[in-house]
Amino acid sequence: MKRLSGLLVFCALAAAWEGLSRWGVVSRLYFPPVSTIAATFWDLTVSGLLPGQALSTVSRAVAGLLLALAVMAPLGLAMGVSRRLSALLTPTVELLRPVPPPAIIPAAMLLFGIGTGMKLVVIVFACSFPILVGAVDGARSIDPGFRLTAAAYGLSRRDLLFGVILPAAGPSVAAGFRTAVPMALIVAVLSEMIGASSGIGHYILRMQRTFAIPEMYAGVAMLGLWGLALNAGTQQVLARLLRWHAGWKGGI
Amino acid sequence: MIPPDPPPSIEGVRGGSSPPAAGGLFLLIFLLILWEALSRLALLPPDAVPPVSVIGEELWGLIISGELVGQAGLTIGRALAGFGVGGVGGVALGFACGVFPGFGRAMRMTVEFLRPMPSVALIPIGILFLGLGFGLCVAVAGFACAWPAYVAAVAGAATAGPELRDTARVYGLRRWESIVFVLAPAALPQIMAGLRTGLAVAVAVVVTTEMAAAPNGLGSFILEASMAGRPGRMYAGIVAVGLVGAGLNAVFVALRRRALAWMPEAGQR
Amino acid sequence: MLTIEGLTKSYSQNGSPATCALGGVSFSVPKGAFVSLVGPSGCGKSTLLQCVCGLMRPTAGRVTLAGREISAPPPEMALIFQNAAASLFPWFTILGNIRFVLRRAPGSKAQKLETARSALAAVGLADFAEHYPWQLSGGMQQRAALARGLAYGAEILLLDEPFASVDAQTREDLEDLLAGVARQQGKTVLFVTHDIDEAVYLADTVVALTPPPAKVAAILPIDLPHPRDQIASREDRRFLDARKAIHALLRRV
Amino acid sequence: MLTIEGLTKSYSQNGSPATCALGGVSFSVPKGAFVSLVGPSGCGKSTLLQCVCGLMRPTAGRVTLAGREISAPPPEMALIFQNAAASLFPWFTILGNIRFVLRRAPGSKAQKLETARSALAAVGLADFAEHYPWQLSGGMQQRAALARGLAYGAEILLLDEPFASVDAQTREDLEDLLAGVARQQGKTVLFVTHDIDEAVYLADTVVALTPPPAKVAAILPIDLPHPRDQIASREDRRFLDARKAIHALLRRV
Amino acid sequence: ADPAPLKIGYIPVGDCLQFYVAEEQGYFAAQGLAVTGLPMKGGAVIAPAVEGGELAIGWSNTVSIILAQAKGFDFAFLAPGAEGVAATNDVHALLVAADSKIASVKDLAGKTVAINTLGNINEAAMRALAEQAGIAPDSIRLVEVPFPDMAAALSKGSVQAALVLEPFVTDAVSRGAAKILVPSPHAAFGNPYLIGGWFAKKAWIKAHPAEAAAFTRAVTQASAFIAAHPDKARAILSQRTKLAPELAAKIVLPRFPETLAPAALQGVVDVSARFGLLSKPFPAADLLAVPGN
């Protein structure tokens, strides 16, 4: 029953939409009945068209995310540990950080053309800052007790890095990464809307332009589902990696 | 689903960013000079990446003529209005979901379905009702920035520990007093963090919406500059957007510091 | 007279078998008495206090105050939590914390302010009224929580290991402060601790609990003269004997 | 022989005037001795230990171990921090924590594992080797930190209020455990506490410090027979006298 | 009485020159219209704005309106917009990089060609070109690239050809960045054919016959002006679109006809239907609602 209340509200809203559309209260052309959208969604999913389009988008988003992680997490940790490096890079970072990623798409297109390269650049740009900031913060806010302990037991710098700094900053990096996930997806979609021949963003835009409105909604729904899945997947992986952290924070 | 932690901030830990050492500024200046040189020597294509000085000149000219200021004003107005609507809505919904678990459960599925919707894909639909300017930007940005606020408020509503809740009960306070004076202030730091993300999202989405639909505003300015084949103007527009984002963020951080003055390190989280 | 009769509490966690924290505890606290409740960690002392205070419904048994059964926090009781730092509202100053819990109390604003200030003075925090909790040391926070409980004007004070995380010197000061205030104002006190010395030092009666599910292991009257002294009372033969007896009791069970 | 000579430490915070935590402390810890260091909160005890351990450079004075001056954490010393929970790495299991600090120690992997396991067994945590720190109670965490210090094989143990946040019963157990292990393995121990009873109960010698800037207020040999007993030793006249003397000393200054 | 305000959506490119001229020359005012022009990003935004009533009239390329008609929208052209005429008014051209080895459309089989928007007139045009050249229409891979970026895409080699619109054709060719492969890529639609025009909801036209007719008259006047004074028209274009004046003087402009003839539209409908953009052709007259007729 507890679970049902959510479903109930959801169904009620869907039914309201259906009714409004069928009775012509809202433009049926732009708000086709939910049942029509659902049927379209089903057909396009079974035919493999939508999942395929979404997959190419998601894979680009994931590639961008991982790239950003690979570069920015170590850089952020280094900035968090070394005050000098942080002082060196902070002005540049702070200058770039407030630029909204969509605003650089036109520039990226001039520079990198319209291929996958441009999209990756924009995605990486969008994901970099949350991850970087998470890593800086994580490394900076390590409990001094941990560092002292490592020092008291005469551990090497390498051990300190891999045994203390990395795991201690992990949750913060993960939090940054989680902020970056939806951003990666949105920016991937946006970059496809401007220049691509594949991807769910492009599909949605194209359907919109050719007035295939139910197909457009189906695309939006598919994107929503992928967003949900990507979020949940990230959550699962991070929860697994940071099991100790969940227990630690929730356990004492 | 665990809501994501509010995004950390660089200046978070010690309340105030570390002093920008001379080295950092030198690096920045060096990079700009490098850009200038590469562009002047045509090692970077000058019609894609004009020299910094050209961009600066263009920017200055646009500021003097008031053209950019006007566009920026429009963008800021739209972003703030969208942020106001979406932020308030998201916080209210999220806080209510957190405080009243039954309500939260009832809304959960709908919210989780709506949350990942790309707001930008909804622009053509929005045009039907909201036209092409202010209303549209506010709606799309509001929709987008409601979610970070929502997530933060849901998490924030659970921040007050059992000791605080029970203290209010022991001392005979009413339910509403407990919500207003205990749960809400405890949630404030997280909500502020969520709102801060929301503000950045609002700016980004307004710019995108302007690019896609609005006849004016900085986003439109950037796109038109690129369409007219004038990269200098385009970069000037991008810089202006960055300044708008940074300015709004700075103002918000200052306000947040005041709102959280009671915290050990105002500005933490 | 506060009476606890056959108090039983099981925590049922969804899925896992229920933890039985209290297995039928009965004792009573006469008006004006200082009763210490001592028992091993995790035996259910906090659970007991929460049931007594009406914050939690017992699984069986009942708590009555002057004959009336308690089902919601009564205005006659103030509970001071185990962890003071977590129970002070960080967004109010120390004074604000006290004034906040006095919202529903009768009296004018000025009167309440007066009450709050004098409670702070009683615990020696008059100069820190406008400080936020985190600006104080752990011991000061503990005193602030105590002041809040005192200002509330409740006849009955329930204290849950209030001095557990305070350093030894401060702790002695706080013990003496509490004992003094309680005697002066004729409060009824139910004081939970796991420190046998402390329990004996403060109380008129010590109630010892067994490991979970907690039952009453013994009720021991302490006949040490008041006021007590950190050096002299603790060297007193009666103190040492009581201490030894409870020690033996808790080790045995 | 660990010798502390004229140890002085000022913390200079940028801008504000320097805090002088230690104002010239001198005493020495003979090999195999158990020395308790007692002093009011904030007097600089933790600072002193960190200087002794080489984690921090004193402003003046020096610490020598068998004649050699200490400038970096020497392998002969293990420091057990004030807050065990904060010094156990939450991302390693208990066993992992111990193995981690043994990384640089000589010996094969198997030997080290053996060392780690036997240290855990010594503190009664053999069955919890694979648990994460946060899966253990505060007392168990404290024991794990102790095991880590013991496993490190250092001759000299520096303990900073190791039992401050542990409940009274567990604390008594841990005190006896530490005393037993130290005697058995002939460790030299410098034990910081603010609890006078505990300091006297455990030590061969008690060093009392004044409020900051800390100086040595008194050095008091304790002639209680070993092994000690929580009931009997604490009732002993010599215990009560030493306790009273230090009490008076700390109250006075 | 004050004239009712009329909101018109247009795209700030040469194809909408009529609008600029009508505004500059005061034709709208002369017809008793209070026109507010809104520069828009493209048909994708204009159509919903017209459907929702935010705009009374908008400019759109023909294929979009044809597609909308097929999906059940009740849009109709009420005034002719730009017309393409082979040899004299070719605003589109298929370009290849200046150093490209591609000599004919046939060589594009298996290659990538940039068009501005998939599913519009240019997709139909590319497919028709392929068919003409005797290669399978889907053997050419089409990607979407905004017009301003096409020259860069060509020189980077990320596309092998691009169907470009003025002023970018003239810009790219005069800079030597590209050369023309097919000068009249839209030939399949007929000669002349309608590139785009001014449209509104049929319901709106029915409800506002006087305004619709007045608008049509103003646009027709503008067309006449452009035909009569091409240099002044170019000056207006340069000033209003911020196009560099040298470029504005050089570029090819479409023809702006004074009447809306079904014949200029039917070819577009038929080609769209042939290449699957449309399920079946319909008479172009369905899309015309010239007020006053």
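As written, the chains take the letters A, B, C, D and E, and residue 1 is the first residue of each chain.
Heads up, the rule we're going with is that a residue touches a chain if its C-beta (ideal position, glycine included) is under 8 Å from a C-beta of that chain, and two chains touch if they have at least 3 such contacts.
Please read all numbers here as calculations on a predicted model, not as lab measurements.
Looking at the partners of chain B and chain E together, the chains they share are A. By the document's definition of touch, common neighbours of chain A and chain E comprise B.
Centroid analysis (C-alpha atoms only) places E farthest from chain C.
By number of C-beta pairs in contact, the leading pair of chains is A-B. Inter-chain spacing, taken between the CA centroids of chain C and chain E, is 83 Å.
Chain A and chain B have centres, each the mean of its CA atoms, that are 16 Å apart. Centroids of chain A and chain D (each the mean of its C-alpha atoms) stand 48 Å apart.
Across the assembly, chain C contributes no residue that touches 2 or more other chains.
Residue positions of chain E touching 2 or more other chains: 44, 47-48, 51-52, 146, 149, 152.
Touching of two or more other chains is recorded for residues 27, 30, 109-110, 205, 208 of chain A. According to the touch criterion at the top of this document, the contacting chain pairs are A-B, A-D, A-E, B-C, B-E, C-D.
Across the complex, chain B meets chain C through its residues 161, 163-164, 166-167, 169-174, 177, 181-182, 185-186, 188, 262-264.
Partner chain B is touched in their complex by these residues of chain E: 12, 38-41, 44-45, 47-49, 51-52, 54, 146-149, 152, 168, 171, 241-243. By the touch criterion stated above, chain B contacts chain E in their complex at residues 48, 123-125, 127-129, 131-132, 211-213, 215, 223-224, 226-230.
Across the complex, chain A meets chain D through its residues 143, 145-146, 148-149, 151-156, 159, 163-164, 167-168, 170, 244-245, 247-248, 251-252. Across the complex, chain C meets chain B through its residues 50, 53, 55, 72-73, 75, 77-79, 81, 83, 86-87, 89-92, 100-101, 103-104, 132, 134, 152.
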